[in-house]
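In the two complexes that follow, chain A is the common piece, with chain B as its partner first and chain C second.
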Partner chain A sequence: MARLVVMGGGVSGHTAATFAKDWLGDEHEVVVVTPNSQWNWIPSNIWVGVGQMTKEEVVFPLAPVYEKAGIDYRQAKAVSIHPEGKDDSDTPYITIEYTGAGKEGQTEEITYDYLINATGPKLNFGATPGLDEGHTVSVCTADHAVHANLELKKIFEKAKTEKQKILVGTGHGMCTCQGAAFEYIFNIEHEANKAGVRDNLEIKWISNESFLGDFGMGGLHMKVGGYVVSSKLFAESLFAERNVPWIIGAHVNKVEEGKAHYELLDGTTGEEAFDFAMLIPPFAGVGFKAYDKAGEDITSKIFAPNGFMKVDADYSGKPYEEWKASDWPRTYQNPDYKNMFACGIAFAPPHLISKPMSSPNGTPINPTPPRTGMPAGIIGKAVAHSVCDMIKEGENAHLHEASMAEMGAACVASAGKGAFDGTAAAMTVYPVVPDFEKYPGTGRDTDYTFGEIGLAGHWIKHILHHMFIYKAKLKPGWTLIPE
Partner chain B sequence: MVQTLKQYPDESINVNAGPIRSFGESYQQMVEDLIDTMKAHTLDALSAIQIGYPYQLMVIRENSTYIAYANPRIITQSDAFDSIERSHYFHNQPITVKRYKTLSLVYENKKGEMKTKIIDNKEEAALFQRKLDYLFNTTLIDRLLPQQREQAVKALAGKGHMPDISDAFCPPESKKVYFVSVADKLLFFMFLSLFLPLFPLSKETLSGWYTYDKFAFPAILFLMMGFFFYAQHEAKKYKQCSSCQIGNNIGVMVKRSVAALAFAIGAYFLVNPY
Partner chain C sequence: MKQEEVNFAKSNSFNLTMIPGGFARKMRTCVIWQFFRFVVINLKMLVVVSKSH
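Moving on to the complex of A and B:
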């Protein structure tokens, strides 16, 4: 009997663990180590953040689902990886520290034959001074979103009698997930209209994108009212229509009570006052340590400086003009330890997707590569497939591939919730990572890099919400639902 | 080498241009082609996509110098104004669009070094914004409102004149539709009431529905009068509004009033229990 340990129970880790258990059956063991007791459908957190959904609608307890699937679930955080074992044993293991189930603080070693790192990111609020001091809110977790909604409701209440300022966007020059902030600002605007307080709210966008509509992907086409336009024009029109001014190319470098300081791509600096701010933090690796058999620290061998795990990518650090689609990983296998994989946000990307840019002061200001949502699920499933084949056929089994440079992705960004007055932008990108050799110029197939905004988009987002929660609960037919 | 300039209705200009990634020989050749084409056609500025290169590159002539802007971005903009512009792509037809007078921008020079620049001049700023638009799959008419755009497309086909941005167009969501919406709902239930005698309903029930018909009929007439006067008010407010024309408004009003009259007569003979 082989043991597969999956660190992390988010979109990618949950997909990997559940498919692996389904394919391996009772002959082999699957262990999931995650500090969370609940699974969270993160794309709907923005609706919790405006009070249009409750926390209970976007989360469910993991324990009964894993019990039903026959997965050994440990509510704990992984602390260190020992891929060579220790003095008296060659069996690799990880150390964990329990965070729940009455075992809080207890530590344990779990041996493994195969390891999948799917921990997701550490929300690196500390990267921006003041961002972790409670001056702003976030919607990155369900609890954060609940808190954001409480604070937002106070602002709406005040806005009945006095002007209030709302600032939404990215809290650092190297953030990803502009889409979540984009959704949140337009849902706030939508709710403010419904609450009759829009006239007393000054809502402003701040982002590290070098142009509106970049979405961290370098832009795309949108279909609006029968016409095809660029995402830049679409976004500029949408912001203007909703009376939301914007600050772009911005690195928020300090947050104080009611004030955000920033530097722009043109080198100028500024500050923006706010009564309520939702600023997305940058992501970092969760901060594992790794040790060899002798107990020597090999963290830098396994992890990139940003804390994400190295896989089969080209990390040579070559200049922008030499970046290729083939730099991106295909199998997500660690180059030094063949029984270790990383998927979702946990793998280290070889470089950015958007064009790297920095201010005249040398401050890098550009979106970092998105690896959430659909790509995270697809990669998690491919990695699970590889591990299952290695367990069943031996370590030389053919590995499954899911390169982001050959993968399309779909995204639905809500701009307001409502069965009849909701809107959302549905977007597809192919490939996620531009391939400038295959598609000279844009790096993408323009026929499949497309978006459309409307009420139907909102319905699709709502349907996806129920469909993916259904799938994650392993209800009948769950394996048939795509990632 | 002088390249062929794309002109409307050639839609191959409608692509998002990709970033300039290297500044080697092929880049220099592209810049040379842009400059040669500008000189041949006496142009002040040209975007690479206008001669078929899908890259984020534009060249602007400043006095006698040709400056290449690679991967340009506008970081801040202020002081909006209406700019009357002509583009070779649109056969030099004048089109009025909204632009900003003051721009702070970043770009890369011919060595690939990041540079910043402030533009605080209407003409220069409008030119830069127009050329930048091309790099993001946006032409002059894409900046117009939908009705203005339709009018511009007709004008480019030789049917009519170019829209004036200062003209007020129909609002996308006119309040006059509320009158029609309520009237339509009342009409719908009046129509349904005509079928009630087919069912074994009590005299009281039929009486109740007949009372509804008696109130709905004049209500629809009042709503249509309200619609007409509000529509006339909008027609004066918006110069360019095809749906505001009096013929359309009379048509909407008469159609529903006649239907209401017909249903009311039908109700008198069919639903009236007395």
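Moving on to the complex of A and C:
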């Protein structure tokens, strides 16, 4: 019997663990280590953040689902990886620290034959002074979104009688996940109109993107109204139509009560006052340590400096002009330890997708690559497939591939939630990582990269919400639902 | 006054982009048209999903 340990129970880890258990059956063991007791459909946190959904609608408890699936669930955080075992044993293991189930604080060693790192990001609020001191809110978790809604409602109440300022965007020059902030600001704008307080709200966008619509993907060209246009025009149009001015190329370097300080790509600095701010924090790896058999620290061998795990990508650090789609990983296998994989946000991207930029002061200001949602699920499934084949056919089994340079992504950014009011931007991009050798102008296939605004997007977002929660609960037919 | 005139006038940044006119805005919430687009977008997304696996 082989044991697969999956660290993380988010979109990627949950997908990997559940498919692996389904394919391996009872002959082999699948263990999930995650500090969370609940699974969260993160895209719908946006609706929780404006009071259009409750927390209970976007989360469900993991324990009964894993019990039904026959997965060994440990509500704990992984602390360290020991891929060579220790003095008296060559069996690799991880150390964990329990966070729930009455075992809080207890530690344990779990041996493994195969390890999948799907821990997702550490929300690195500490990277920006003041960002973790309660001056701003976030929608990164369901609890954060509940809090954001409570604060937003106070602002709406005040806006009935006085002007209020709302600032939404990224809280650091190296943030990713602009899409979540993008969706949140338009939901706020929509709800403000519904509440009749829009005229008393000054809503402003602040982002590390060098142009609106970069989204950490270097922007995209999409078919709109028969034209192929840059996402810059598409995004600017959305902001202008909704009377939302923007500050771009901004590294928020300090947050105080009611005020965000920032540096721009041209080197100038400024500050923006707010009564309510939702600023996305930068992501980092969760901060594992790794040790060899002798107990020597090998963290820098396994992980990139940002804390994400190295996989089969080109990390040579070559200049921007030489970047290629083929630099991106295909199998997500660690180059040093062949029984270790990373998927979702946990793998280290070889380089940015957006063009690297910095201010004259040397401050890097550019979005980092998105690895959430559809790509995270697809990669998790491919990695699970590889591990299952290695378990069944031996360690030289063919590995399954899921390069982000050959993979598309669908994104629906809502503005409102109703079936007949509000509108959503439905977008697809193919491939996620542009391939300028194949598509020299735009880097992407414009037949499959498109964007459209309308109610249809709303309906799709509702369907995705219910479909993916249904799938994650492993209800009948769940394996037929694509990632 | 047309809505787009109001928004174009608000700032230079707004003035240099595109803003939908009344017809485009109407079609975004026209249930019959949006049902058709719903089918089209879903089909396109299914193609992207199938190409990604």
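Following the convention adopted for this analysis, the second predicted complex is superposed on the first by the 473 of 483 C-alpha atoms of A that agree within 3 Å, B and C clash if a C-alpha of one lies under 4 Å from a C-alpha of the other, contacts with A are read in each partner's own complex, and residues count from 1 in each chain.
As a convention for this text, a residue touches a chain if its C-beta (ideal position, glycine included) is under 8 Å from a C-beta of that chain, and two chains touch if they have at least 3 such contacts.
Values in this document were obtained by computation on a predicted structure and should not be read as measured data.
In the superposed pair of complexes, A:P482 makes contact with chain C only, with no contact to chain B. With both structures placed on the common chain, the touch criterion links A:L233 to chain B and to chain C.
When the shared chain is aligned, chain B comes close enough to touch A:T446, but chain C does not.
When the two structures are aligned on the shared chain, A:G287 is found in touch with neither chain B nor chain C. By the touch criterion defined above, A:G249 reaches chain B but does not reach chain C. Contacts of A:S210 after superposition on the shared chain: chain B is touched, whereas chain C is not. Touch criterion not met for A:P64: it reaches neither chain B nor chain C. The intersection of chain A residues touching chain B with those touching chain C, taken from the two complexes, comprises 233.
By the touch rule above, chain A contacts chain B in their complex via residues 210-211, 218-221, 225, 227-230, 232-233, 247-249, 264-268, 320-321, 323, 355, 357-358, 360, 434, 436, 440-443, 446.
Those residues of chain A lying in contact with chain C across their complex are 233, 236-237, 239-241, 243, 245-246, 374, 378, 402, 406-410, 420-421, 423, 426, 428, 430, 448, 450, 452-457, 459-460, 482-483. The touching residues of chain B, when paired with chain A in their complex, are 14-19, 21-22, 53-55, 71, 73-76, 104-106, 114, 116, 133, 136-138, 142-143, 146, 149.
Interface of chain C with chain A (complex): residues 7-8, 10-11, 13-14, 16-20, 27-29, 31, 33-35, 37-38, 41-42, 44-45, 47-53.
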